[in-house]
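Shared between the two complexes below is chain A, which has chain B as its partner in the first and chain C in the second.
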Partner chain A sequence: MRTNAETAVALASHYLDVDQPQRALDVLDGIDGPDLDDAYLWALRTQALVDLKQFAQAAATARNGLSVDAESITVLDLLAIAEAELGELEAAETAILQALELEPEHPVLLCRYALLLARGGELGKATRVCAEAERIDPDDEAVIRCRIALAYVRGDNKAAARESRRLLAELDPDDPVGHTMLGVQAASRGSFRSASRHFDTAARYDLGDEQAVDLARRGRIHTHPLFWPILPFERFGPAASWLGAVAIMGLLAATGQDLLFAIFAGTYVLLCIYSWVVPPLARRWLSRERW
Partner chain B sequence: MSDKLDGLRTAVEVSPENHALRLVLAEALEQAGEAQEALDHFEVLLGDDKLPPESLVAAGLLAVDDRRIDLARRFLDAAERAGVSEHLGELRIAIDRALEEEGSVLFLRQGGPDENEPWSPVRAEETISFTDVGGLADVKKAIHRTIILPFQRPELYEKYGRRAGGGILLYGPPGVGKTMLARATAGECGLPFLNVRIEEILDPYFGISERNLHEAFEHARLTAPCVVFLDELDAIAYTRRKQQGNVGRPLVDQLLQELDSIGSDNTGLLVLAATNAPWDVDEGLKRPGRFDRMVFVPPPDEPARERILEIHLGANSSGVDRELLARKTALFSGADLRALVERAIDAVIDEALDAGGEPPLTTAHLERALAGFQPSTLEWLQTARNYVEFANHGGRYDDVAAYIRSQPRRR
Partner chain C sequence: MNEQDARDDLFQPSLRGVARKPREEGNRPWRLGSQFYVAFFGGPLAVAAIAWFNAERLGMPSSARRWIPAIGVAGLVASVVAAVAIDTDLGGAQRLIVRIAGVAAFGLLYLLQRAPDRVYHAFNEGDEDELYDSLWGPGLAATFGLGILQAIILAAVLGAA
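Entry: the complex of A and B
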């Protein structure tokens, strides 16, 4: 016969699957007594708290779960996530190493460990751990995501974009991380239209994610016609643009093209003034908030 | 026919272990109206575990007709074990009814593989009317035109080839009374209101959730005309694109099947659903013929807020300027207003405990409670605004956009 706790656990697990952690937590709150001796229940509760970004409570809940079952890999993994988000990298590493002792060939745990190492600045070791995860299961989603993150941390936008394209092609064509990475790479090339398209797609995946929405809005602002005149500055960077303009002006002066020199220098000065004055005003005008 | 039956009977007598032959005889007897004898053979086949799954429900229904309820239950149990889903709900309800007629009380619907577990069927709940729902005049008008009128004036719609029924999705911030509106809609149509809740549908065992959903719809079809209400549609039919596990997918598929009435007849079935997150509802459900009509239920307007405050204040309402408070509580949902009143009452109780006596609840108490109280709808509207901006395909969220534009800017 199904107990209330079984029903609640089924419901909570479903709510977590459908990205409704608060409802999951509300359901789990109704469980008490001997049913609390189930480690899976604690794992669900911790997962809900992690999803709600209540990391301190999540860590405490995970510890309660470990007192019921010290070898629950799921709870150890969640504890590592919570501790890392709280900035407690050592505690996070301890938890993940404990989990890896139990399951040394678990690609998701290895990737989590690699990301922790990267956050702690140990990029070389992180890359090796990620490679180990890749050796175990090269097609695992966690492995691909880990490779993207490590490439991004290394500042290797091209590698991050390559892995992101793989993520989109092999796993989910709408994946927000993949599109954000491709957007970042496009923006770094000065291709704001392409960047904006990627940011839009990433934001549309979950428009409740204000960070993604903000990025998409900024992408849209940069593709507005008011920004077109300053695209060369954005594409080549202010220093390169300035050096290029000075070089052209020098060349025109040296070759005696006084009229062309005057037109070019005048246009350049006007563009400089435009780039100082218009963008901040345009940004404010275009991103005016209603709420 | 009689000769053929005699021949078959003789053959079965000669070769009692020939199950195929016995099945042919049982079916022939059933066709000939010899229910009792047919059931005897079906029972033998069931006992030998040789009755094919597709014959179990038919045999069960025949047993109900013949008032052999215990045998019908055995067929039902076998059908469940065999994973039969087609018309299973029909058989359960037929057995339920037969037992009710005999004065027995039982619950046949089950929540898991445990056969002894009771599972109460979806029952008709009490309805209310639009007068019980304060404000929301525009929403009521929209519901009247799109839902109630086709039921009240079916001839008008038939004339133009438009069928009554179909699905309507009510969406809006939490706590604004979507469920109440659905209940009132059923009341206005004069139809029974069947509330299908996710906690009654979901089951940890594989395939049981889908079966429960199917049975809820089967029950509704037998009750039709009626209103079937699916609350938290986003939880039942979360977009398959974003589902983390694969557990919920079959449930979405099952719901699509029920709405498309594959193998069933949905005539007279009005399906209403409510959700706080229409964007998380699977796209397949929003296609024509399913939940193709979406009605935005905004936070209560000023007159509605005044009425809600009056209800929550109850006997305390005499010394309170409800009009002023209604003006100051723009965007507050019904649930927010209740929380506000409770907060103010808590303050009055504190006062009574500190100073003694029984101080009355005043406007000042409510205004103090209002300080720093953010309406819970704000977060929803913020997200909704993002959907209007980035994902308003085909003007799906135009109502939300118009509502947001009509509100004063907040800082």
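Entry: the complex of A and C
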């Protein structure tokens, strides 16, 4: 590779490190001719497009990279990411399995495959693949993250919280994924203040992460006094709170407590109407406030 | 199967023909919790119909989806049998039976859809309102349409009995 191209590649790599994918792409656009025969260059270009969420172009770029070097694990991995984001799970699996054929003991690739399988609904196999990655390196960050994601997908919030605490304790006390998962678990317990604190911490880690910022905003909104009357609905879910209310009303009616029945039923109906009408309006109103 | 075979099996493709394209509004799943209202007011047939379309939107495999109509029909049969066994002409008691059957069917359908719903929620970007469609229209249609059908079936069976 010529010196100019080497400089451009180093600069692009730096831009990707500091989360400036568009600049990285601009720099890489200046490279042409025989320098395009370097798979690393295609990997950088694909990475920039993935960061910009231009997944169709990323997949096409990765394929160009593979025509230069069909055994580039980085490019195969990026192709799998792009195809998965496009919803083409079969193509993503083909790419990740090719990478795993070259590096079968690579914990990051194994975790990527496990998450892809989970996305396709193959939770059992996903768990086995994640266990294989854990056997190879139980302390790898990717393995812990994969275990968190799989626990969440299985609906096991407690296991997700346990792994998240491990992630925060052993790797990074400010890790956004760890805090988001702890926030989700706190919210499922009805502890919206605690959830809001975790979502805030996750959002502060990267204010450019729209999803984390949105979660933090919604976490704060749920701690607003307007939401207090509907906390039982949030805590127990609509099904359990309806059944509970119906059971109490049935009990009051059966024991002849007509006045209590009327008060309870009236309050409950008002709360239901409140829960349908107020939260959407409050969300709209409060989300206008600066986060 | 020995350890090596089990390991090799891990690297066999499992996602042939599987695609999960981002869903547009009008074609997105419904919240599982909202299906409870359909079950409570519409009964097992109504909630099964909603769960069937939701399962399709969640990309559930047909092997899991085929349980949904079975649960709906089982709920209907259970409510008819219970109504005949109790042998009451009271409309309130019949409605209660249908509601209990609907809620029981909802419980099973919820368990069936829970993992795919979590997968959908975990791997798609956007807030709740962007991820899920409103169930108001389809829910009301199912509640009235299939709720009335269920009431007619119940009345016919009770009349014949």
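Everything that follows uses one rule, which is that the second predicted complex is superposed on the first by the 236 of 291 C-alpha atoms of A that agree within 3 Å, B and C clash if a C-alpha of one lies under 4 Å from a C-alpha of the other, contacts with A are read in each partner's own complex, and residues count from 1 in each chain.
The rule is simple: a residue touches a chain if its C-beta (ideal position, glycine included) is under 8 Å from a C-beta of that chain, and two chains touch if they have at least 3 such contacts.
Owing to the predicted nature of the structure, the values given are computational and were not obtained by experimental measurement.
S.K.: Putting chain B and chain C on the same copy of chain A, do they fit or clash?
M.R.: fit
S.K.: Mind computing the angle chain B to chain A to chain C from the CA centres, in steps of 10 degrees?
M.R.: The three centres form an angle at chain A of 160 degrees.
S.K.: Just checking: does A:His14 make contact with chain B only, chain C only, both, or neither of them? Give me first, second, both or neither.
M.R.: first
S.K.: Looking at A:Ala216, would you say it contacts chain B, chain C, both, or neither? Reply first, second, both or neither.
M.R.: A:Ala216 contacts chain B only, not chain C.
S.K.: Quick one: classify A:Ala118 as touching chain B (first), chain C (second), both or neither.
M.R.: After superposing on A, A:Ala118 lies in contact with chain C but is clear of chain B.
S.K.: For A:Ile144, using the defined touch cut-off, is the partner it touches chain B, chain C, both, or neither? Pick first, second, both or neither.
M.R.: neither
S.K.: May I ask you to decide whether A:Leu207 touches chain B, chain C, both, or neither, giving the answer as first, second, both or neither?
M.R.: A:Leu207 sits against chain B, while chain C stays out of touch.
S.K.: Could you look at A:Ala99 and tell me whether it touches chain B, chain C, both or neither (first, second, both, neither)?
M.R.: neither
S.K.: Which partner does A:Ala58 reach: the first (chain B), the second (chain C), both, or neither?
M.R.: neither
S.K.: In the overlaid three-chain picture, find the nearest pair of C-alpha atoms across chain B and chain C and give that distance in Å.
M.R.: Least C-alpha distance after superposition: 17 Å.
S.K.: From the superposed pair, tell me which chain A residues show up as contacts to chain B and also as contacts to chain C.
M.R.: No residue of chain A touches both chain B and chain C.
S.K.: Help me check something: in the complex, which residues belonging to chain C touch chain A?
M.R.: 6-7, 10-11, 13-22, 33-34, 36-37, 40, 59-61, 103, 106, 110, 114-116, 118-119, 122-123, 125-127
S.K.: Mind pulling up the chain A residues that touch chain C in the complex?
M.R.: On the chain A side, the touching residues are 86-90, 92-94, 97, 100-101, 104, 116-123, 125, 128-129, 132, 149, 152-155, 211, 214, 218, 237-239, 242-243.
S.K.: Touching residues of chain A toward chain B in the complex: what are they?
M.R.: For chain A paired with chain B, touching residues are 1-2, 6-7, 9-11, 13-20, 23, 174, 200, 203-208, 210, 213, 216-217, 289-291.
S.K.: Which residues of chain B touch chain A in the complex?
M.R.: Touch residues, chain B against chain A: 111-112, 114, 116-117, 198-199, 202-204, 232, 234-235, 238, 241-245, 247-248, 279-280, 378, 381-383, 385-387, 389-391, 404, 409-410.
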